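Got some structures for you, see below.
In the two assemblies presented below, chain A is common to both, partnered first by chain B and then by chain C.
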Partner chain A sequence: MPKINFDPRAKFLVFIVACVFCMNVSEPLPAVAFGTFVWVLLVLSGKPRSGTIMYLTFMACTVWAFLIITFTSTVWTMPLMALFVYGRIYIPMIMSFVFVFQTTKISEFMAAFEKIHAPSAVIIPFAIFFRFMPTVQEEWKGISQAMAFRGIGLKFSSIFFHPIQTAEYILVPLLSSCVGVMDELVAASLARGLDSDKKRTCFLEVSMKLQDYFIMMIALGFLMLK
Partner chain B sequence: MNSKKLKTKDLIYAGAFAAIYIIILAIIVSVVGIVPIAYLMSPLFVGIICATIYMMYVTKVKKFGAILILACLFGLIMSSSGHFYSILGAIPIGIVAELIAKAGNYNSKKMFSLSYLVFNLTMIPPFLQLYLATDSFVEVSIEYYGQEYGDAIGNLVSTYGSMLLLMQVVVAIIGAAIGVTLAGKLSAKHFEKAGII
Partner chain C sequence: MIKFTDVSYTYPTGNGITSVNNLNLHIKKGEFIVLCGKSGCGKTTVTRIINKLIPFFYEGELTGEVLINGQDIKEENISDMASICGSVFQNPKSQFFNMETDGELAFGCENLQLPKEEILARMERTVKALSLEKLMNRSIFELSGGEKQQIACGSVYATNPEIYVLDEPSSNLDIGAIERLRNVLATLKKQGKTIIISEHRLYYLSELADRFLYFDNGKLDREYTPLQLKSLQPQELSNLGLRAINLSKLDFDINAIKEGEVAMNIRNLLYKRKDRTILDIKELEISKNCILAIIGKNGAGKTTLAEILCGFIKATVSIEIDNKLVKPKERTIKSYMVMQDVNRQLFCENVLEEIRLGAKNSGEEYLLGLLKEMDLLQFKDRHPASLSGGQKQRVAICASISAQKDIAIYDEPTSGLDYTGMQNLCELILKTSKNNLLNLIITHDIELILGCCTHVLELKNNPIIYSLDKEGTALLKDFFAC
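So, the complex of A and B:
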């Protein structure tokens, strides 16, 4: 299937709408409609596998949350309910996050936003912020595996009885390795001349096309619907 | 060369540290958020844990604007996830924290610590919705987490009201104070030795 390349600005609008929409919609039906929309976008922009997995998880969470809230609601189902509701709220947001940041290169992203004259003090931290989220998650995964390997894995008892020690076990390796990655990022950006004061030129042709306006309209439509 | 101005390098650090800060914060809040009273206490836990990240960031980027950028990113992300008051609170808090750090000439640990006590108040605005529009907040919680959870939160707020808000502020400052002490210990024990700072 041919990949469609959406404009980063249109993608970003979808992401913002996803954040606002998912946090404010409590009925299942509009949430499902929006989830389907983002899933279609993910499939179109070349992420069919991970997109479908997330979509199915999202649907399962929505259905279970709906069943629990209609049939039983007691103290005991509360944590379970919270889990499913988290899934229902956050999975579409994660999907749209993947849509924006894993199908767009950082340089493409920056070029698009430079075109609407956003200052670099805004673009760079923002772009790096989103570029860095997956990195932190990866490091986190590695650290928790290493901790489990040494027999100090994250358990409820360790959090409850030795909170400070647990925090130390997590924070120190996390910060150390992340600072390493940051230094590499800085070096790479200096090598690419991001530090220069001159206006950057761009090889990519960045412009809004029909499909971009189309998905922006749909996204805004969802916002109205809410 | 003007070394006082934020350069690309510093902006990269700002974005990256904001990512770490917000991910850790999200993990803490979603873990403690399962219990209503612990959810209201989350500024305490966030203060304790995130202080280390903040202190590392400010010692790495000692320039005017760094703390403000962190606060703005924080506010934007929190606002975009449904807590609309966050950005309104985050900007003035960021400016005050920035000025405190500037008063110490970006060189004094004491002033950095003091600025974190202020900075951790960014955890309060996301809760303002709870006090200003209690009914709708409780309604949403009931829809999200079920009757029990929503009632528990609603009862807490209606019984204690503004006392609860005051307590959250106090707790945020206490959490930040504990966190800053912890950060000092950790950086002396690990980061300074390893030459990271």
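So, the complex of A and C:
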């Protein structure tokens, strides 16, 4: 299936709407409608696999939360219900987060927001944030391997019985290597001419198309619904 | 083109040690300069002054005058410099701003505010000139180190600067990629570009360079023409702390060990990623206590093989250690990898704690003895993060010994090491190899292989394993084309 490339601005609006909408909606049906909307967007922009996994998890949470609330409400089911409700609220937000940050090229993102005259002091930190996430992911993979070699691999028991020790094992190398990578990254970007005082150009065509206005309308529609 | 007059520089965190000391240097347009010397001699600092990261990014004290194209570097802004001077850095992991290769190629041009059509045309030219066709439209995170370095070169090439500054660009490259890098550099030289390159590996530059500048403790100590450098005896080179200039002059006379008992048996290994076969090994026997070098082109699956052996990646395979079938989880427990980025594998507050971590049953005495043997005793109370790269690596190796693992794996341990560092590493590996059933070294460095390995596994369509006897060294020479 051909990928549809939505405009970063439209994606960002969807993300903001997701944050506002999901925090405020308490009925399951509108939540399902919104979740489905973001799922469709993810599938269209080339994330069918991870999108569907998240969507199914979200649906399961919503259904379970509904069932528990309707049929039982004892002290014992409360924590379980809370867990499912959290899933219902946060998963669509995570999905729209993925929609913004994993289907957009950095170059595209910067160009789109320069077009609406967003200041570079806002755009560049965001762009760096884009780049930071996969870095953390990559470092995390390496560190968890290193932990396994040392016999301090992540296990339920270690998280449960020595939470602080475990957090330290993860955070110390994670922070030190992420800081190192980001430091070098900034140096490299500066040396290659990234500068907040200048407008950049973009090698991709960035413009709002019909499809972008369409998804923005739907997103705003959800806000109205609320 | 570039003129240094009485230049000195001290890093803010340098404890008062001047990284570059009273440097006077004149580089003419179109010259090809190689900066060489031991680790920490100041050669990287010189590249940073030329691309203006000093003083614009790295603060600290810069005295003297640096003129580039007649302009004082303190006057202009760093972003104006990008159109004159293109930089390629050592660490392929941290020099990409974008997450996909296309955007990365365009990045420099976009910063120069070139129009879209021009950028696309330049990208096309770059792809052709550096043969990057296969790498286009890919995620940066799925490329190997060597492939990343090619993209980094491409991104600079697209901006078409007058000056190229490269800081140890070959650190993570295999022999083929180094050959391609050499070709790119030759093209640039032909176009009359000024090239300044800081490097430990010298052999691939011997035909290209006009001058080799040897730095020692921040001082420009000596200058060599390629002919002078080539006429130095291997002993003289190693006294200077320099790596080989001519690979065929290396000492290929190794005491090959006889085949011993089989320690590990790998059968029917098949690993695919997205329908692409990465590894396909029918049968492989590795003998006891051998030090096996794993070589192959970038992307041949060296790291993947190591990760499969350690049980991190699932693949269809049956692996026997000492004639017993071993499951992935058990392999993780039995093995230890000294990673390329050692920062990732140091967890504790001080060095002693670090080596005690995997060795719950060992007494204090044993650990202190081990530290002494590894020349780390004076650091036992230091925080691992405060040590130098080579020292961190030593701590990591020490931790593997104290944990008494069966399989020790080194993932490109020499990237960024100078001759002395490599020599020390060889001795360390030889010394500790007896403790392990198996020692595997993923490497691109023939000097390391000749320095300590006993066997070589060459990964390709039909992987072959050979011991480094006469025939073996012939095969090895063949692989490294020397």
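In this section, the second predicted complex is superposed on the first by the 177 of 226 C-alpha atoms of A that agree within 3 Å, B and C clash if a C-alpha of one lies under 4 Å from a C-alpha of the other, contacts with A are read in each partner's own complex, and residues count from 1 in each chain.
We adopt the following convention: contacts are C-beta pairs under 8 Å (C-beta built on N, C-alpha and C of every residue); 3 or more make two chains touch, one makes a residue touch a chain.
Predicted, not measured: the structure shown is a model, and the values here were computed from it.
Residue contacts after overlaying the shared chain place A:198 against chain C, while chain B stays out of touching range. Once chain A of one complex is fitted onto chain A of the other, the partner contacts of A:147 are limited to chain C, with no touch recorded for chain B. In the superposition on chain A, A:190 makes contact with both chain B and chain C. Residue contacts after overlaying the shared chain place A:160 against neither chain B nor chain C. Contact with chain B, but none with chain C, is seen for A:20 once the two complexes are overlaid on the shared chain.
Residue contacts after overlaying the shared chain place A:175 against chain B, while chain C stays out of touching range.
Contact with both chain B and chain C is seen for A:127 once the two complexes are overlaid on the shared chain.
Overlap of the chain B and chain C interfaces on chain A comprises residues 127, 130-131, 168, 172, 176, 181-182, 185-186, 189-190, 194-195.
Residues of chain B that touch chain A in their complex: 6-9, 11-16, 18-20, 23, 30-31, 33-34, 48-49, 52-53, 56, 60, 65, 69, 73, 80-82, 140, 143-149, 182, 186, 190-191, 194, 196.
Partner chain C is touched in their complex by these residues of chain A: 105-108, 127, 130-131, 134, 138-139, 142-143, 145-153, 168-169, 172-173, 176-177, 180-195, 197-205. Partner chain B is touched in their complex by these residues of chain A: 16, 19-20, 23-24, 26, 68-69, 73-75, 77-79, 81-82, 85-86, 89, 93, 120-121, 124-133, 135-137, 140, 159, 163-164, 167-168, 171-172, 174-176, 178-179, 181-182, 185-186, 189-190, 194-195. Interface residues of chain C, counted against chain A in their complex, comprise 51-53, 56-58, 77-79, 81-83, 85-87, 89, 91, 93-100, 102-103, 106-116, 119-120, 123, 141, 155-156, 159, 307, 310, 312, 332-333, 335-337, 339, 341, 343-347, 357-358, 385, 399-400, 403, 405.
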